[in-house]
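By letter and in written order, the chains are A, B, C, D and E; residue numbering begins at 1 in each of them.
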């Protein structure tokens, strides 16, 4: 087997963590740089994958297979198809910038970076695993670091938030695990290899129920309303980089699971449940948007807006059309980096002003122009402005879902207005208007490491906004096998009455 | 094995009376010494039962061990831990719930077991046991069950040493 | 001679009496005594069975030998513990031993 | 060698973007350089655009070029430009006007610390508008549409530290976004039926009737929503007056050439679509008519210079919409082009007045300024005449064509509405001019704060609104001596202002001649829909009517304001409540605000409460707490009494035995098998 | 080769005797630890001897004793648990004035019992080995002096398991009476017809109750929390890991094989009790403030998981049980190793864990991994164990039961993570760093390595278990 690029991408942060373990806790600078290098290597590999992946060939490339747990036909099967590559890139970006976003942390730096790096590792692993068990292992692997990260370095209600997150995610994990057992024994071909499982023909009933079970499990992680209650607290409680990776990557794990496992293995089930999923998705979009509007705390607002944005993804998934799914996956990437940016900014302002209450800030743009501009870009990205990656994501979700669920799509699209409303209001109240407090008058603007975070993320936001096909083609090629199993999409199943465009 | 003769019936009822009476005595007598004596009576009754079952060896062992060892040890324990007036040294628990529930559970279990035992049919093998029982048992012990035999030895050792470890050094200390 | 169920009934009664005492008596020593009663009941069972059902092997007899030994051992240790507790707490009433709970 | 036209077009499009990038990445620390970059960048674009226009005039066959941009499943997305007479001339107008505004701004923004930022944004703004102009498919137009929205946000909120400006920027973006919501839906609907975004494809689909008529109408109306938002048509016009919080050049750019023009241009651009559905056309016409009247009437009662001009813009755009809705394609587009020039002129001159006059905006603090700023006054009067549509000014030709078109369309009601609006136009335009330049100086005129123009944005001048007799005595009249002193600080217009102003003035005067009725190869034979629409000559009655109206309007203005003594608006006395209605903009803002507060914010608050108390309170904490309580209760069984434990032990045994007895022995009892679940 | 089969037990037993005799002649100053380490060595040798028995598949002493891989596997569990315990025990006992010799000897005897029990193929051997374990533990629990709690715990354990063994015996006597034999094989044949009187059911239930006490089966679990809290940590470590494993082996033999004909009776009972056990263990653990009690309830919950695998009644299930026992043994021993390293002075209050990460990163890390493993967080061993168990349950069709169990297991995250929080988030009451003897360190490192390695490379051990399970029939 040639050099295991995928494993290298995934494991680089873990190795970094192990190295950090060996460094005395007092050498903070060294530790930070080790972390930066580790994630940097991972990022480099991820970018290499993006360009090395052969679209002509398609399918799973750079595969690495080792028997691990033969009793259950479990393999260590890592690989990369278009989707994995995209999401690995996302993870690498967020991980890399996350390291710099937490450069300012002084308290227990060593443990911090160990936790953070292992979290990055776990998330990356999910996207690269093509063995169901392995995927689940990475999935669960992420819970503990999240808990520690939030409960040790978090801020408001951190312990409550951390525990809530742990419980919710474990709940989701438990349901998923049950689903995995069922599908494993129902298939009865003694393998956890996704490719082989995808080839196996499940009966219609099996598909319907297994899809429901697995999706329910993954939905907690997405999160889909009403299983979302953990998210705002967790995102708010987490330290800056924690929020970044939570919103940027962790939220994607669940939705990725839905696509990679539930839909791929059980297309008919997906088709049967699509209307329900779609309705929930729209509820996410609109409900979360309104909740975000009602928030006084900046991070709570961003967190809720994240739920709203993931709603678009789920809608695209429910549409089960190429455009819809591609849009959903592109939204993973777009929202991933965009949310990371927003949380990074929220963190920077919090570090300086020591408040997150929107009303308490104001006029900061004069004091910290760079941060203000970055936040503006982040907000505009989340408004889905053309020129940012999010535009393409949302647009193709709309294109993909509109013919299937016209009415729901219209409701979802109305979200763009609300988003604009509260996002711009946030900018206005935080950065515009005259300076509210004199003591804010001489706060420092972005430091060099803030510059790294901001510039890297903004670069990708704009680059993918201008040249989306780089990832879109990867995603489409990754989707082709999944779509192959899907029946021909038709308007809204039993929800056709929602709008007879057909 | 034919119908029981009146003699056996009488003997059995006497023994039964000793056993049950002794048992009840342990539970009901207010003075713990009397309870102890009742227990001895009960044990004697049991060994009598063994005799009636042609288990002479066991009967003897019963007397030796239970009455010769167990009862004595318990007697020591009662001595060592005695306090207050003896006449009221063997009381029921105060907690009435415990009392009621305990009684009813025990009673219930008894009813159920007795009922089931009565309605169960046993395949009686009508043939007599070996004549020299002790020998038979000894051989069986050595051929069939050497392991339990050894373990029993270890177990008794453990018990002895353990008892010493737990209690004795305390005595020296204090 | 008497038939089997008489012996079984007898042993059951003894068992129940012992159980009753074990559940309701206050003094640890008496509870130990009651447990002994229960074991005796079992022994009656075993002996009766082996007499009536397999006179050939008399496994019950063998079993009884061991139960008697074990019973003795248990009593020894139990008494030791009771004495220790009595030394600390100046009581052998089980309902006083509630330091450990919850 | 000959350079391809589309290549030139791309150059025109991307030069402003380039200058934006250069400024924001490189030259932002150096004010002068940044200004220069934008001016040169857009200057070159202007030259190129004129060149392109000349080529198109020579050979009007449309040129287009396309890059493939993105493929999502079956969706193909192109990035292409379409150069035909319409886009070429619009491009020319945009570039030229924008260029002149940039030049003007170098003087206007001289003392602003955001100088570089300003020019960067202006360049981006121009780029976005050019994108709309050149777009050859709906998605692309939508993209640049949004970018225009972004730029307007950035520029209106340019002085973000002014609460009013920040609020106005947000308002503009969100309100137009509301229109874009419809626009996007329309595009998606069309795509759903057509399977593509290109104008060509859609036109073809319409011809071959792929689209059911009812859906066609719906789609068209939805697309028009976009135009309503951007062109500030009723009922989404509310953002427009607030948008005046931005620097004047921005207002000029927004209102003359770019943002609001985009709506009209889009309708003209996609005219196949609109023309294919009569109901949609009617909608356009009605919206236009209503807005034209509303805006004109509001303009009558405003007291802030820029707002008056802004409403005038609004009503003129509505005019164009009306024309397009009534099938007067050429007329509408023609008015769009001429309007670019004279409206830019009006704004810039208004800006000149303000910047020279200590950044005072309230016309009631002015008066008799003619003798201080003659050039400005003259160009403004020229612009005003063009605006009011006096022969032979540019406005005249286009306006008359619209009236003629209305007449021909048979909807005579719109004709008279147009006339009425013309009357209003004449009146408010000259109300403005008379109050500002003639008559006595207002006794509340501001005094100079020395030359410290840098900090002038920070202090908010008290807004006296329209002083009414009831209010006049409350004011603190300025001591004449002080005023005389400060008047000495009044500057003359710098050349950077004079030159653009005069160029625009010339354009405003002569631009109309290209549309001289009956002219061979005139405008009507250059830009037309389907077939050229030739007018033999002037439609005399219309000309007469419009001039009567004009004279009446100006006369009334003179009668009321020309000879006024006080700084009170006599009209408020005459009209009373109606005046108040005009002044308060028909209370649209109040109504909308009430709606938003009540439903949007209210709903948000309710849902936030719900989130906190139901999802968190009941679901999460509730279940957790329940578990914990169960734990505490069950814990009580573990009370340390060993006999209690024994009791529970034997209770367990007893219960099990009893269950055993009462359950069917043998196979696994049915109930339990059920628990076991299914294999 | 009768004796050869008994080699491990004999080694352990003789080791114990040697230590005792040495005690007689030595001054026995309490600081000596060598006896314990000697004991550990003996156990390791016994383990080696046991390993050599792998693959031999013989029944001896007229069918009363059987050595097959299943038995050997459980012997190994006992050996491992005992050896690790003996490594870290003396560090604590030395402070408590307990002669490590006494402790070691008793551990060896208990281990002997634990090694015999899985091989016992008739009631008598089974009962006597069980009692050997119990009696040794009465002493192990109660021997620590200078404190009353151990004695109280000891007495409670003694009384309850005395009653339990009375019930067990009664049940055995009934079965004996109905089948005329105490040999499991004979009993198996007797019930193979599937026809059986009600009394047989009662008897099997009584046996279940008697053994249920040892395997924490609700409602026979009540002793566990008190004993865990009262007894010294090393004792609990061995009790929680070894004795329940041995008892489970007995359950496998008895119910899986010899009472298979009666499964109409005990299968549903176990099914329900398993769920109840999981629920109760997890829920009552929530409000606990004492680490040892908390672990007691977690043991109860884990017993429930294991029961699911027993209920599955497939070779996969049996394998899962064995596998789980091994991993759980190591994990628990490690956990109590940490407790005995520092928390015993405070009686194991969770409060005393506050800020452990500052005071001793090593201990905190071990505890972290251990708790993660108990909580079933991959890639720790505990996760793999849970995985196999639930897989077995689902495979046998108990999908819904498994689902309920999984959901209940989510609760456990709360209390495990609360401890993690205490260790890593809270501020330490006193900042004095904690040092632990190298015996403890060695034990903990072994435990840590076991947890992580067996989690990452679960296959070899699981294969062993599966092969054992495949010919656990007799």
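Worth a mention:
In this section, a residue touches a chain if its C-beta (ideal position, glycine included) is under 8 Å from a C-beta of that chain, and two chains touch if they have at least 3 such contacts.
Since we're looking at a predicted model, the values are computed, not measured.
In terms of the stated touch criterion, the partners common to chain B and chain D are C, E, listed by label. Farthest chain from chain B (centres taken as the mean of C-alpha atoms): D. In terms of C-beta pairs in contact, the better-connected of the chain pairs C-E and C-D is C-E.
Every chain gets a centre from its CA atoms, and the centre nearest the mean of all protein CA atoms is that of A. Between the Cα centres of chain B and chain E there is a gap of 31 Å.
Measuring from the averaged C-alpha position of chain A to that of chain B gives a distance of 71 Å. Rounded to whole angstrom units, the spacing between the C-alpha centres of chain A and chain D is 36. Chain D and chain E, compared by their mean Cα positions, are separated by 77 Å. Each of the following residues of chain C touches two or more other chains: 8, 15, 18-19, 22-24, 31-32, 48, 53-54, 57, 62, 66, 70, 73-74, 77, 80-82, 84, 94-95, 97, 99-102. Chain B has residues 93, 95, 98, 101-102, 105-106, 109, 112-113, 116-117, 122-123, 125, 144-145, 148, 152, 155, 158-159, 162-163, 166, 170 in contact with two or more other chains.
Across the assembly, chain D contributes 624, 635, 638, 640-644, 646-647, 650-651, 653, 657, 661 as residues in contact with two or more other chains.
Shown are all chain pairs that touch, namely A-D, A-E, B-C, B-D, B-E, C-D, C-E, D-E. By the touch criterion stated above, chain D contacts chain A in their complex at residues 69-75, 139, 142-144, 146-147, 150, 153, 157, 160-163, 165-167, 169-170, 173-174, 177-178, 180-181, 184-185, 188-189, 191-192, 215, 600-601, 603-609, 611, 615-616, 619-620, 624. Partner chain E is touched in their complex by these residues of chain C: 8, 15, 18-19, 22, 28, 31-32, 35, 38-39, 41-42, 45-46, 48-50, 53-54, 57, 59-60, 62-63, 66-67, 70, 73-74, 77-78, 80-82, 84-85, 88-89, 94, 97, 99-102. Listing the residues of chain E that touch chain A in their complex gives 357, 372, 377-379, 383-384, 387, 390-391, 394-395, 399, 402-403, 406-407, 409-410, 413-414, 417-418, 420-421, 424-425, 458-459, 462-463, 466. Those residues of chain B that touch chain C in the complex are listed here as 1, 4, 8-9, 12, 16, 19-20, 23-24, 26-27, 32, 35-36, 39, 42-43, 46, 49-50, 52-55, 57-58, 61-62, 65-66, 69-70, 73-74, 76-78, 80-81, 83, 89-95, 98-99, 101-103, 105-107, 109-110, 113-114, 117-118, 122-125, 127-130, 133, 136-137, 140-141, 144-145, 148, 152, 155-156, 158-160, 162-164, 166-167, 170, 174. Of all the residues in chain D, the ones that touch chain B in their complex are 641, 643-644, 647, 650-651, 653-654, 657-658, 661.
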